[in-house]
Amino acid sequence: MNPLHISILLFFIGLYGVINKNNLIKKIIGLTIINGSTVLFFISISYSEGGIAPIFSKDISRESVQAMVNPVPQALMLTAIVIGVSVTALALALIVKIYEKYKTLDIQQLLKGR
Amino acid sequence: MVLLSSYGEKNKMKSSNIIKTIAQKLFPFILLFGIYLILHGHLSPGGGFQGGVVLGTAVILLFLSYGIEETERKVKIKYLSIIEVSIILFFIFIGVFGMLTANFFLKNFLPLGRTGQILSGGFMPLLNFVIGIKVAAGIFGIFYILFKYRGEI
Amino acid sequence: MKNHLPILIIILPLAVGFFILLFKKYIIQLSLGAIFIPLFLLLKFSSGFLDGNVIVYKLGGWESPLGIHLVIDGLSFYFSLLVLCAAVFIVLYSLYEETYPSSYYFYLLLSVSSMLGIIFTADIFNMYIFYELLTISTYLLIAYSKKGKSLKASFNYLIMGGVGLSFFLLGTGFLYALFGILDLPSISEKYLVIFSANREMILIAFALMIIGIGIKVAAFPLHGWLPDAHSLAPSSVSALLSGITVKIGIYCFIRLIYGIFGLEKYLFIKTEQFYLTLGSVTLLFGATMALAQIDLKRLLAFSTINQIGIILIGFGIGTKTGLTGALFHILNHAILKISLFFCAGIIIKKTGSRLLQDLKGFSRREPFIVLSFIIASMGMIGIPSVNGFISKFIICSAAIEAGFPLIVVIILIASVITAAYYFKIIYLFFDLSATSVKINKSSRRELASLRIILGYWTIYILTGISVLLGVFPSLGIDLLEPAVMSILSNFAP
Amino acid sequence: MKKYISILFLITITLIIIFSINLEFGKPINLEFANHYLNKGIEETGAMNLVASVYLDYRAYDTLIETVILFMAVYGITFFLRREK
């Protein structure tokens, strides 16, 4: 097991939550887990053994560039995290609105009360 | 949900003087830290997004300790959406300006400067600033709206 | 001007969207302008694209795999033209439908802009981000009325769409881990070398991305969100979603299959069968489900699933004829479905009900709308002289050429079912036995006459175009010739 | 019943994917362009933080769309929850 495997595992744990949980908020938690797992996946594919953060400073000379990890996945994940936050926030707003209308968060009852 | 419902009944926030004082004293420092993160985004770990989140949480802290009415008086919330829209238009304008001066959309049109100084990296500090303001406004906006219009639960 | 064409087309609707949100004045004029100016620019340079020229735009001036590139080739030209033309009709119809505030036009412009972004981009991650923007603006448009049902439909779509895009992102991660780049043309250059070493990984990346986009195009087992989302939105939004947004998923399908994964025949032969099966099942399922509906817009939404199946079959055949048929069917389905949803919008507004049984005797009240509806449904069924027939015919002949006679049988069966459910509606239109035609009391008299004319004439024009394309199909087929060429050359520059 | 089927299904897919990952953790492959960012990043963009140089210069277009998405979320929440009087 390494982080690559764990991120795949987390992805499907989140998917399990989305599919099988009846509570809308738990579904959103599942979606958040899925999003987190993709972030973990991207970060772990860029990791190299003994790698350091791709940021130069006074202590880090230009020669140590060989030890640095790939900066691209990290930059991509900054974007993906913001998107995850946006989707989660929007989903929660929708849940508040749905709860106002139907007074329930249970998906079975929501499906019944068409 | 239980917590929020008890909130709704009283419809007024109460917090002790300790929390209020500490929040008030901490507020400028958190703000400073956020601004530091934004301004040094191209030199050190951090950047517009991270700094923006810190700025947003600083306002949220004030909000939590002082309650909704007082913060609304301090922070002009009706300008929030105007700030957000105009900052995105400014971002697009930066891109178009790069297109006009340097012939490519979102191309750096400022000199790169000496690496390691604040004013280096071309338009990166500018973009960091834009993103920082945007994210701070966004994070606070999400919190504020979800809190204020949380619905009768 | 020509150099900056791709970014101008994307950024104009985006910037104008924010502009109308800020100033809230001249909303309609500005949003029409934001769609017309890109359309005009695109048409001005259209002769170049029809000759097979390709524009590559380097954002920020970075060279090939370092930065993000925008590409307009034959395929993206065809799709962007489709999106912009459809958007013009949808904005004009929205004027009739209701006096929408600025937020509606903001969402509409942003969804148009993000569709154009997906179409032009040559970078997978950028595609993902634009897809996310498109989905978010779609959630907001679906739930625009804030009624309980549409909120539920929007939430359902949010969950499905979020999961689908996460699958897509994970697939992108696999590709990035293998290739170290995100640029589609660069990936296709390195593809054959890497494929031989990492067969399983590529297969998994392919599967993840196909599941992700499959949710977006509502292919059979993943269609659950579509009927609710497309039927509970306002009619103009339904037209947008069914007419063009679903096709964007198909566009991504084409880009990924013919740009990357189809380069190795080992994978492609297997997926060919896969597509045909998927398309046939989607086709039959959509048709049978539509037969059982009692709600007009829900029926039209299932009809979309039905037609998506035909388009997938066309791509599954994969020959030049098959691709031509599929691309032409995308255009035809967009025209027909948009006009059907507009008709449905007018019908619902006049009768105040969405149920089929309340349509009785509607032909007496709005004969021309009923005529347009009949022509459009003839196109959906595939009766000659309307454009839908031509593309179905091309796909069928391609299937026979490529040796899949069973597919023709399936398409014919589905067409018979399609005919059954559309004739059910048409029969109800002419069922004059109903003594009192149900009339919506709040039928809007206060509407300015110009807007009524706009609403009706968009439908008449769309019907006219569909008949025109049915009589002179070469008008449309000439347009998609470069698109087919660029697909068959695997988007090689 | 449906629950167990889905669990079985998800476990199967997870195992298939996990066993077919043949990436070695800690040894990324195909780094030629990553090395370009690392080696040339400072000269080309002038930033010490190379993540920022990718985020804000090489791929600034992504960042633009990302801010638009964040705005859409905020505006959407306001749109849903605000009560019109």
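So that you can tell them apart, the chains are marked A, B, C and D in the order they are listed, and the count of residues begins at 1 in each.
One rule holds for everything that comes next: contacts are C-beta pairs under 8 Å (C-beta built on N, C-alpha and C of every residue); 3 or more make two chains touch, one makes a residue touch a chain.
Since the model is a prediction, treat every value here as computed from it, not as a measurement.
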Winner on C-beta contact pairs when A-B is weighed against A-C: A-C
Chain centre separation (chain B, chain D; CA means) in Å: 22
Inter-centroid spacing, chain D versus chain C (mean Cα positions, whole Å): 26
Where chain D touches two or more other chains, by residue: 17, 21, 23, 28, 31, 33-34, 37, 42, 48-49, 51-53, 55, 57, 59-63, 66, 68-70, 72-77, 80-81
Residues of chain B whose C-beta touches two or more other chains: 43-45, 47, 85, 88, 92, 95, 105-106, 108, 135, 142, 145-146, 149-151
Multi-partner residues of chain A (each touching 2 or more other chains): 15, 45, 53, 55, 57, 70, 72, 76, 78-79, 82-83, 85-87, 89-90, 93-94, 96-97
Chain contact topology (line, ring, star, complete or other): complete
In the complex, chain C residues that touch chain B: 3-4, 7, 11, 14-15, 18-19, 21-22, 57-61
Contact footprint of chain A on chain B as seen in their complex: 43-45, 47, 49, 135, 142, 145-146, 149-153
Chain D-touching residues of chain A, taken from the complex the two chains share: 2-5, 8-9, 12, 15-16, 19-20, 44-49, 53-57, 62, 65, 68, 70-72, 74-76, 78-79, 82-83, 85-87, 89-90, 93-94, 96-97
Of all residues in chain C, those that touch chain A in their complex: 125, 129, 132, 136, 139, 143, 146, 148-149, 151-152, 154-155, 158-159, 162-163, 166, 169-170, 173, 176-177, 180, 182
Complex contacts: residues of chain D adjacent to chain A: 3, 6-7, 10-11, 13-14, 17-18, 21, 23, 25-28, 31, 33-34, 37-39, 41-42, 48-55, 59, 62-63, 66, 69-70, 72-74, 76-77, 80-81
